[in-house]
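As written, the chains take the letters A, B, C and D, and residue 1 is the first residue of each chain.
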Amino acid sequence: MKIRVGIMGANGYMGGEALRVLLDHPNVDLAWLTSRTPGPVSDHHPNLFGCGLHTIAAEDITPCDVALLALPTEASLTASQQLLDIGTRVIDLGAAFRLRERAHWERVYNMPHTHWHLAQEAVYGITELHGNDVAEQRLVANPGCFASAAILALAPLMQHLPIDTRHIAITGISGTAGAGAEPSAVTHHPAMADNIVAYNVVDHRHSYEMEQELSLLAGAPVNVHFTPTYAPLIRGILCISHVFATAPVSRPQLLKLFRDFYQATPFVKIHDAPAEPNAAWQYRPYPQVKAVAGTNYCHLGLDVDERRQRIVVFSVLDSLGKGGAQVGVENMNLMFGLERGAGLLRFGRHPG
Amino acid sequence: MKIRVGIMGANGYMGGEALRVLLDHPNVDLAWLTSRTPGPVSDHHPNLFGCGLHTIAAEDITPCDVALLALPTEASLTASQQLLDIGTRVIDLGAAFRLRERAHWERVYNMPHTHWHLAQEAVYGITELHGNDVAEQRLVANPGCFASAAILALAPLMQHLPIDTRHIAITGISGTAGAGAEPSAVTHHPAMADNIVAYNVVDHRHSYEMEQELSLLAGAPVNVHFTPTYAPLIRGILCISHVFATAPVSRPQLLKLFRDFYQATPFVKIHDAPAEPNAAWQYRPYPQVKAVAGTNYCHLGLDVDERRQRIVVFSVLDSLGKGGAQVGVENMNLMFGLERGAGLLRFGRHPG
Amino acid sequence: MKIRVGIMGANGYMGGEALRVLLDHPNVDLAWLTSRTPGPVSDHHPNLFGCGLHTIAAEDITPCDVALLALPTEASLTASQQLLDIGTRVIDLGAAFRLRERAHWERVYNMPHTHWHLAQEAVYGITELHGNDVAEQRLVANPGCFASAAILALAPLMQHLPIDTRHIAITGISGTAGAGAEPSAVTHHPAMADNIVAYNVVDHRHSYEMEQELSLLAGAPVNVHFTPTYAPLIRGILCISHVFATAPVSRPQLLKLFRDFYQATPFVKIHDAPAEPNAAWQYRPYPQVKAVAGTNYCHLGLDVDERRQRIVVFSVLDSLGKGGAQVGVENMNLMFGLERGAGLLRFGRHPG
Amino acid sequence: MKIRVGIMGANGYMGGEALRVLLDHPNVDLAWLTSRTPGPVSDHHPNLFGCGLHTIAAEDITPCDVALLALPTEASLTASQQLLDIGTRVIDLGAAFRLRERAHWERVYNMPHTHWHLAQEAVYGITELHGNDVAEQRLVANPGCFASAAILALAPLMQHLPIDTRHIAITGISGTAGAGAEPSAVTHHPAMADNIVAYNVVDHRHSYEMEQELSLLAGAPVNVHFTPTYAPLIRGILCISHVFATAPVSRPQLLKLFRDFYQATPFVKIHDAPAEPNAAWQYRPYPQVKAVAGTNYCHLGLDVDERRQRIVVFSVLDSLGKGGAQVGVENMNLMFGLERGAGLLRFGRHPG
């Protein structure tokens, strides 16, 4: 079975990643690619040099089975409506439909939401939580990259655990691909190399996705205290989540919880080797960002400071992969009854 | 006035940084440099190519005014005693004398402390807190790099503030110079580049320095929940400290507190520009790691999430500079009544 | 059709890359993996976390269709003999059988060649030149990474062109993956980051492969003057080849020559867009190293300084990909009559 | 003695480096700093956070002893005239007055030269060649960064040596600081990291400076074949110069030549340790880019491939240091009879 897929915004990093993965997907025929400046895609994606593909203008698209949208938020709102109106299902890789609270959305995105009925219809596409709901849908809101990393890290802790759900401190460290393809003062190589830059440290938009999903799981209000930074990597993000236990917990107990929680999912993997207290530090079993770069995998690891009752969870994923375009393809697979891992079950590179 | 200074362990990164700074110090004559493999220092420090200096064996040293020790912990213990016995004052850049609780020290360094009387005598050399005590001393315990960054970030909050002192979550991000000059699997370039690696995430040794100093200031037990990582930078560390307020606080209020706390010190600088909520994110006033690389400066910045009552403090310094050899020189200046900033008041480079 | 393939030396970077590609090859069943320290491969290749594969000791291998060898030179000599003796064909990813001149080999590898009859039998596996000879073979000598880049860059110029074949100056710039998985002083992150390091600048071993193949094509002695460096990238190499024309040539003329030369090959691509003299410099059509990282592609580009009669050719490839394990798989495909691009026709990532 | 110095264009990387060095120069009082957007310099140079300095508009400057110009070429032409007219001497850090051939200049800079009488008056400020002429001057043309590296590498070979002066092949590798402070598609971090990018490979502007100076020294026309690239470093450039000998030469013979040539100069240093043919490759004595980052030093090293009669010379310097603002300060020292090394004799950092 083949489905016909279009990509809107194929010249950016997110659209280019969707394209790269779909080119190698056994059940996909590309319908079209759009961009603001129609032309050869390899002008924007040197990796695709020689592929022969071109983008077209958005107004030239035709109906197809599904479209992946890698567009600015405002453009997603209208394009989604237009696509749905012509019978094309939509996976929005952007932020247009991620929040359930309209007031939150309008405040943090600083604009009125012109298509709230679509937001109400959309499924929030964390496949490990809502994968079963996706098949029914014609509109999926693909989650934010940091939100994916934090939610996957914390979801197993939200039920039955003695933790302080109002004081979860999360540090996010992102590669610069997360800033998009547009040059800026912060991502200028001489400025960014050998540097770490904090940004949006108060009230980051992804915080609201995290709190929304974790509160649902916990059945009670959850507060995340999230601080993102850019680091001189290209792809991938690491979330370090500090959770305060209110009663003793142990690493083995938590590892079992995590393994059980994710046992049925192919893309979340738990680093559960024993953490020998006296092992050379380089062999402690924590995940590394670049092990998942270019892939749809999320690796989790954790530890417990029993002396201070702190749980620390590490989650790594690629903001263009499991935190972006590739999980969009996973959602597409689920929407169309394809094998969930179709086109996605490839390992990353090593080294780098 | 000139003082005669020796450096033990001059071939490592810490000893080399001490040497680089002392070469340009107006009140210093170098007495000697030691290393395990006596020879030209430029074999180990290519920046010093052409300087003509050589290291000697430790057994060939002679008395001088003061020695900076960049040695393994165990070697520091015995060398400090020997130096003091011949009338040479000691600034230990390592961890031998940093903790006031013997039980903590012996557990986290995993060895008996053979010279506890020296630990009892030593001043903990955070100059902003204990600078006045240093002049009297013959032995200074230079603080750990992460400890310096966290203590400087949190000290102003420890008094009179409505915060939860038992749940301070700190993420530390360090450049690889912090791992020392010895090659290892983790710091192998193909493995480390484009990566972030967590290590020692439970019960890190520097946690005990942080808790010791912050508890003193708070007059009550403080718990830090500290998670360190290596990032693909060379020099410098960033600590992100999450503090939970128990009553409303505001950014302007905290900035005033910080400015007042550090008003008399030349090396701690506060990023206190207004943080316009709608400013382009790149202009939010947070410090950048590389602005202080190669210097004795610590830059601090902070923000408040009033919605969630979180304070986040950013502190950056160079683990070989204000977190290492350069603050060692600052301590030396204080010990000998020199101008506090002698040889240290230089700005860093930009870009990089 | 499926063939059974073994990998000797699967824990190193080269063996790991062979493994990664073969895991996704439609015609391959893995027979076995060997290493000096048998155990889970993910201990050495974090990208393969969760794959469940283990290495075995070399003495435990069994016959299979073909083995890829990622071994030290000396080990390759004896292992190749043993494998051939049990009817297993061999693709040596190392240097054991690359040179036709025994004296050259023994001098530059600084040891006696104990199996010269095998060197005489082996085909030198630059597929664009010798692909047709590979099908017959039971032993292929996979070319060196820099040799591949330089030979592919220069081969089209070797016939009928008015150039000085004795004075070809080549600068090689390699990522640090080319140095292998073993930590060293040069590849220590703090030393290598933000640096460029020249090495083996006289009489580099790969020079002999270049001269051997180019002389064959030219029908006359060719001298390359080759200088390699390490740069702070992970994967991929760039060769910049300066060729002095002895009569006027033009860029369009050369581009046609290159296109014709490589028209039948899927993995060498020519950057042949017009080079507008006044175009913004970032749009000049030269290949970029990282466009081919992780792939079996080689991108070529060139320019002509007509004022000074210099031709400059740029060639990029991945030392583990088209310069290593992946071209090894391409040779395997040719040896077994599989589709030449089986398992290899995937594009690289962007960005990074 | 103190001189009063102004900097035009203080917000860019070159002007900021001049400022950083002059702030620490014992004989300098800053007269003024200009920029297109007057305001705090630390908005552009985070290293100078806390320095309290501001830029003013160019029209508000007043006469002073000398001005360093870090301006676009066209702006330099008119500003130089205006400054000289008010009795302020000029060191142009840009390209306005570097060439002796007006036709070359107008072609490669693609504009008419409106002040050729100034170009005729200016001294080309390679201090090792023309330092003695600078004292007399009121206008110095500071050399280009790549030109400095190549000229210092090749100058000693230009006299009495059996070399082919028409076929010198030079590869230039530059950090991204050389691209300036303005963000662009090429220097966007996700694009530049882990990459090497060639640019301006034909007829680079600095080629003409190299040929001009080397021809003067050789007393015969010299042709350089120069190919520049950007690599993912911040500061510093490496030039690899391939020179073809027409008769046998040896490394010791050349090292002596280089040592003699530069014996009277404090800032050029020769790596002349014996190059043991069988030494571990990391100990071959070639200079490293980052050993000179942030300094006014140029390190040279070389080797000879006696088998192929190739000489290869390595030269490293910082494009903002010895290839830019710092050599501008060295020229200033010479112009005013100050100690040549005043404010400049500091070593770089290690590591990084």
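Throughout what follows, a residue touches a chain if its C-beta (ideal position, glycine included) is under 8 Å from a C-beta of that chain, and two chains touch if they have at least 3 such contacts.
Computed from a prediction, not measured in an experiment: that's the story for all the values here.
Asks: Among the chains here, which has the CA centroid at the largest distance from subunit A's centroid?
Replies: D
Asks: Nearest 5 degrees, what's the C-alpha rotation angle taking subunit C to subunit D?
Replies: Result for this pair is 180 degrees.
Asks: Let me have the rounded angstrom distance from the C-alpha centre of subunit B over to the C-alpha centre of subunit D, please.
Replies: 35
Asks: Could you give the separation in Å between the centres of subunit A and subunit D, each centre being the mean of its C-alpha atoms?
Replies: 46
Asks: I need the residues of subunit A touching at least two other chains; which ones are they?
Replies: 13, 175, 177, 181, 184-185, 190, 193-194, 232-235, 288, 290, 293, 351-352
Asks: Help me check something: in the complex, which residues belonging to subunit B touch subunit A?
Replies: Subunit B residues touching subunit A: 110, 164, 167, 169, 171, 173, 175, 184-186, 190-191, 193-203, 223, 225, 227, 229, 231-236, 238, 240, 242, 244, 278, 281-282, 284, 286, 288-290, 293, 301, 303-305, 307-308, 310, 312, 314, 351-352.
Asks: Which positions of subunit C touch subunit A when the two form their complex?
Replies: Residues 13, 16-17, 20, 23-24, 45-51, 175, 177, 181, 193-194, 234-235, 269, 271, 287-288, 290-295, 297, 299, 346-352.
Asks: Mind pulling up the subunit B residues that touch subunit C in the complex?
Replies: Against subunit C, subunit B makes touches at 13, 175-177, 179, 181-185, 187-190, 192-194, 232-234, 352.
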